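After this come two complexes, each holding subunit A, first together with subunit B and then together with subunit C.
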Partner chain A sequence: MTAVSRRALLTGIGVGAASVAAVGVGAAAIARQSEDEPVATGRTYDFYGAHQAGIVTPMQDHLHAAAFDLTTTSRDDLVRLLQAWSAAAAAMTAGSPVGLYGAVNGPYDAPPDDTGEALDLPASGLTITIGLGPSLFRTSDGVDRFGLADRLPAGFGPLPAFPRDTLDEAICGGDLFVQACADEAQVAVHAVRTFAREAFGTAAVRWSQLGFGRSSVTSSADSTPRNLFGFKDGTNNITSDDAAGLDDFVWVQPEDGTDWMTGGSYLAVRKIRMTIETWDRTSLREQEAVFGRTKREGSPLSGGTEHTVPDFAATGRDGAPLIPTDSHMALAHPSANDGHRILRRAYNYTDGSDGLGRLEAGLFFLGYARDLSRQFVPMQLRLSRSDRMNEYVRYLSSAAFAIPPGAAGPGGFVGERLFA
Partner chain B sequence: MTAVSRRALLTGIGVGAASVAAVGVGAAAIARQSEDEPVATGRTYDFYGAHQAGIVTPMQDHLHAAAFDLTTTSRDDLVRLLQAWSAAAAAMTAGSPVGLYGAVNGPYDAPPDDTGEALDLPASGLTITIGLGPSLFRTSDGVDRFGLADRLPAGFGPLPAFPRDTLDEAICGGDLFVQACADEAQVAVHAVRTFAREAFGTAAVRWSQLGFGRSSVTSSADSTPRNLFGFKDGTNNITSDDAAGLDDFVWVQPEDGTDWMTGGSYLAVRKIRMTIETWDRTSLREQEAVFGRTKREGSPLSGGTEHTVPDFAATGRDGAPLIPTDSHMALAHPSANDGHRILRRAYNYTDGSDGLGRLEAGLFFLGYARDLSRQFVPMQLRLSRSDRMNEYVRYLSSAAFAIPPGAAGPGGFVGERLFA
Partner chain C sequence: MRQRLLPSPVLALAAAAGAVLLAGCTSTASTATSGSADAAGTPAAITVDSTDDACTVSTAEAPSGVLHFAVTNSGSDVTEFYVLGADGLQVVGEVENIGPGISRDLVVQAAPGTYTLACKPGMTGDGIRSTFTVNDSGADLTPTGPTGELIATAVANYKAYVDDQVGQLLAGTKEFAAAYIAGDDAKAKALYAPVRMHWERIEPVAESFGDLDPILDAREADLEEGQDWTGWHRIEKDLWPPASGYTALTPAERKTVADKLVADTQTLADRTADLTFRVDQLGNGAKELLDEVATGKITGEEETWSHTDLWDFQANLEGAKVMYAGLAPVVQRVDPELATTLDTRFAAVQALLDKLRDGDGFVYYDALSADQIKELAAAVDALSEPLSTLTATALQAAGGGSAVASPASS
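And now, the complex of A and B:
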């Protein structure tokens, strides 16, 4: 057992906890190995910093995301919740239990501070990313519950209704948002459960979603994972080593005019069900035409390999474009979107099966952008209107969140500058 | 990249696929490591053998289980499905795509043989375990669709109604069952999806369930994982190195009188929702009394460490038993069950949240036994009547399956002897 577990950290028998604390985007990986067990990683990402972790940090295998609605109208309660969440997030991302006493050391006649299911697991690269919904600033019927209406960032609001949306309102929106990602599902679930517990009396879970499979790339060193259509997904993503791309397209800049958001980002959430059974009966030719890429390699249909720049002007012997103009790639490509890009951090999901024997599966899309109204909305509008993929997907949910910059350090909290 | 991926196997650039094929219960682990990526394992378990894999083989982190109802009354269709499933399972557990052509090499105008989402992933320790429900032999209204009624194993049938059950019929039972477990969720999901696809026109998915977290132990080398109550779960399980225990309590023996099941087992499935929010507000004292064990170490409340034999006669200063007689351990212990034991292979689950803001989470219980009617039913009856844990759980589903012995080798299939 060489991994740093919560227990080892507690009892002081770890292998130098400080040595595995990552600075910024980098991370140290410590792996437990045996013939019989899969390997768990003890890598950690700092919760504190200029940006929140979980955006450009490398994607982990597992997601548990949740949105909350506030049940209070007290601004102080809201601030206390964000403080409690930030403190809990700092502990959990370091591989420690939450609270003063953890799961086992508190008063015997009180509930344990920590729920305990992650007690022996390593930090597992946990990142916790906190967001604020447009309704926090002003409800859909115009109420300013927390005196925040005049701090609403310019250009930020609920996503518009897109053509072909078939939304379930119960899983749309939310006043607050948390994205927990980890190498172990149990660690991500523990984080969201802890947030829900801290929120008791202040906010209630509106919806939550599990995801898996690193369906996007956030580091240029990663190989590109596949979505549940079986295609590589995220080939052209903005990567963590593209500093200029991050400043241009992900991080809110001082000149954007919303000071408390500088260093933050905005997130678009869309639950996209795939009609797996229909897709699985379509030809390889049609599947590749839908994506504009080959299935095996992920190369543009204009030729080359995965990272070859697509040639949208190239035509075949019949004179038609090799990359169909209604393919997903053609419509989502920066060249079709005034050069705009977003940072994709999508996960695959499977919720079980519906009453008709079909698997409820698809893509839980998470896309980060410096300005959703300029980068995401026009692109999604174009896709919703014309994407050849629309025949095989249904958009089930939609949400937008402001993702404040990171908390500066212990005692600070995500969103602090909003309330200053 | 040192892991054996499906692509490497396909293109012959793997690192010696044969060298990682496990014989029996053992397995070789090959791990990919980098600073930025979690580690995926290339371990493999043979699909063919005297017993099906996925029972005593080491637990993987992820489960996708599904039950199917037959939509045909043709015995030949049923046999063809079991043949197709076995062939697909043999390919997938070896880390290969299914079908002649895989996901990318078939006719361009036909749907790909393999759906492709696991194409670049290693075998990930995938095991696929196939089961047959009581309704396959005779429906609840007595119809013998496949001429199998006289082959129903003695003592095998639907689980009885237990006190306090609040079952949702839509997620109970099923004619056929598959349990796919893997180190990567995407690999397990790919397996169930492939089974659903092979079943098209013959059987339809009745229910499916994802799980995570290795909530049970199947090897004495494993540390004991925790369930979502935060307690170690499966301390007293039958382990793969306990040959006598396996023969006594897991594998069907020749003297059990059902020749086609010799070497097989029986499976009880119960979806157990935990009322997390209530549990999280109970004292550490009450939580430990419910389990009969300490939360940190998992020691019996009569003293010692995790694997100390519990002393049910020990009393405290007040004269009351140190291990409450209605604790989960006291009621589930072999000493309270005529010495009977079962092999637990449960997973934690989280399905999202309900309309009241509560996390839908709990334990997806999978228990294997040589004879459910003697080993599982009396124990569950005792638990359903008296378990102190009942205040914190709801039983949502119930199912029983006969798990035939393993397929002998290529060309053979699970259940073959039933049709001989």
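And now, the complex of A and C:
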């Protein structure tokens, strides 16, 4: 693998870039790059490590996620795909093109190894996170295609049906999953496109989703962003500097009983359409009551500032709770969930319009947990039953994935211990 | 579009519980935008700092017209802020339940005169009071006074309407249940949509009973695993069963689910008999009924099996129109332009629905073309947007008072 770093390309062929600058377009591109803070677009995250990147990594601005269905029943093909994906992911996250020859250096009569749309872009903080669906171990018909049924982690399976789910099966589930996050949308799209290309003949894309405007914060240094309801969301998230919280609630531990998953995590995916038109016709009073927080600051309605611990016992006029008991915060808060927390990594999405003149928009929820059945399912059940927000959302998709620990180093691959 | 949706200063003011829409307040309709609250012409906020033992107001006087108070609770207890009449009793405007550290805005319209401002940390006693003078700026003000009577009439009339609809719903449900139990499917299917219209006309009222709504009106998708499915839509599926993979209810099962439907409807009737309504519930209820149309009926989700969504649509529209009609004299007084807009757009939606009538009823949802659905959706959106300002306009006309203090219905 003699991949050339895209950044090296940029600096190495500076003469070429300067000559392009004369036509103007290149000049604008170069100017933009020099103005950008290097940390925003030039940062890189190592693909290899004890944990996969893209979970506690500070959230990048763009998401492209995809699920794949395997079209093969060959265990060897599956392993080869995971190896190829891991190698490609290592190259792309380092800012390098994929393949032996990259995008423009190969045999002239062959299609380029790399699709090339990320050629001039830096690594852009790209992370690629690979997951395995319950159907990989056993299909819904009970078929064990790859001899993996006995390796299914205890407590891991498809998410149950929740009240009010209006799911589109075509965008639910999947045998394999990839989450690409980057500061540049094109870099994230390049990653998923490359994965799909590697998979032809072995797996086919089942669904994919673009997301923008991170709607969670996984770093205590970042401010809390807003979702498309206009509210700060996920204020109380687990952040990367909370080592105890990560061990308790995110990373699978040795005592959890599934050795090949130790250091990994589990992911719940829910596409949540917001009926934003009816939301926008709702009074500020009702909007704040739905969240249990103020819109401007994100303060709990019991008082204080955004990060003040909510006081669910505080009452106002007529003894009514200041934070409504059916507000989103009251139901999602750890105090209502036996102290359980999850790591939220949600993105906003807009898929154009719905054909009725309304925006097809909402939240693409990605939640990581050490044990979905204890941390996520009871909370989602509580929300689906009673959340005051339900009037303004529709749950369109549902999926669960096991996220194995990171690949150890070059030559290793995600999921390696599963096949050992 | 925003200018047209906020056709007058009064309406914009009323809509602006926060600062964001205030740009529309004093701008003319042609220049109003939903832009920055700092736009020229926005009334400067009068800051109010409420602590445990002080109520500091940034000024003791202001020109008449729109007054914008930015209230911050710097104390340690929950507080309230009031604008009271000169007598110190009549409530012109108020914000309640302001938690420590939280800021909330109050927008009122004030005629020249002397007022009393009061912070009420701890929500008890007379509060910490000061005198506030409003000087004559020459601004036109909304007439007040007799609107109180109009509102009382609207609320009383609505209560009578709900009682009547619930009565008809109960009678119709009994007839429907009897036909269904007797195995007279043709009669049951003919009664299904018309009887349900009584429910749909008062849906926000029925839904306000959180325990009754799911057992009477849950759709299959609303259920959680292992939950019993009862109510209208359970019977709907049995009367219009899917082509395959469905096991019909036995006569005994039919009787169980139909008897329960009647019993639960009786409970609904008993409970609504004791209900009273507030002006904000009328305004919000009208909006919520149109929301029901927009999210459930336009999409054909409500009546998955019978496809009688347009009956529900018609009933939601009628229910909303009754709520609006009660408040219309009030709206006419404070914002005639809004009244005209709403009248026109109610009529436009009805005209579209009328084109889809078939005999005593309507065409079925699955017979609608994509273009027809889109046309309906656009007309509903065009009505819903101005309708969403009805509550604030009505409350504005009511001059604050106890209605403001009550939490919005949900």
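In the analysis below, the second predicted complex is superposed on the first by the 382 of 420 C-alpha atoms of A that agree within 3 Å, B and C clash if a C-alpha of one lies under 4 Å from a C-alpha of the other, contacts with A are read in each partner's own complex, and residues count from 1 in each chain.
The definition used in the following text is that contacts are C-beta pairs under 8 Å (C-beta built on N, C-alpha and C of every residue); 3 or more make two chains touch, one makes a residue touch a chain.
If you're wondering where the values come from, they're calculated on a predicted model, not measured in any experiment.
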item	value
Which superposed partner A:289 touches (first subunit B, second subunit C, both, neither)	second
Partner chain in contact with A:314 - subunit B first, subunit C second, else both or neither	second
Touching partner for A:281 - first (subunit B), second (subunit C), both, neither	both
Partner chain(s) touched by A:207 [first = subunit B, second = subunit C, both, neither]	first
Partner chain in contact with A:305 - subunit B first, subunit C second, else both or neither	second
Contacts of A:358 with subunit B and subunit C, given as first, second, both or neither	both
Partner chain in contact with A:322 - subunit B first, subunit C second, else both or neither	second
First (subunit B), second (subunit C), both or neither touched by A:93	neither
Superposition-derived comparison: subunit B or subunit C, residues of subunit A touched	B
Intersection of subunit A interface sets (partners subunit B, subunit C)	277, 280-285, 294-296, 355-358
Touching residues on subunit C, where the partner in the complex is subunit A	17-18, 73, 78, 80, 96-97, 99-104, 123, 221-225, 227, 284, 287, 291, 294-295, 298-299, 301, 370, 373-374, 377-378, 381, 384-385, 387-388, 391-392, 405, 407-408, 410
Touching residues on subunit B, where the partner in the complex is subunit A	1, 26-29, 31, 33-39, 41, 43, 58, 60-62, 64, 66, 69, 103-104, 106-112, 114-120, 125, 170, 183-186, 189, 192-193, 196-197, 200, 204-210, 212-213, 219, 221-223, 225-231, 276-277, 280-285, 287, 294-296, 348, 350-353, 355-359, 361
Contacting residues of subunit A [partner subunit C, same complex]	160-166, 275, 277-278, 280-286, 289, 294-297, 299-305, 308, 314-317, 320, 322, 355-358, 381, 384-385, 388, 391
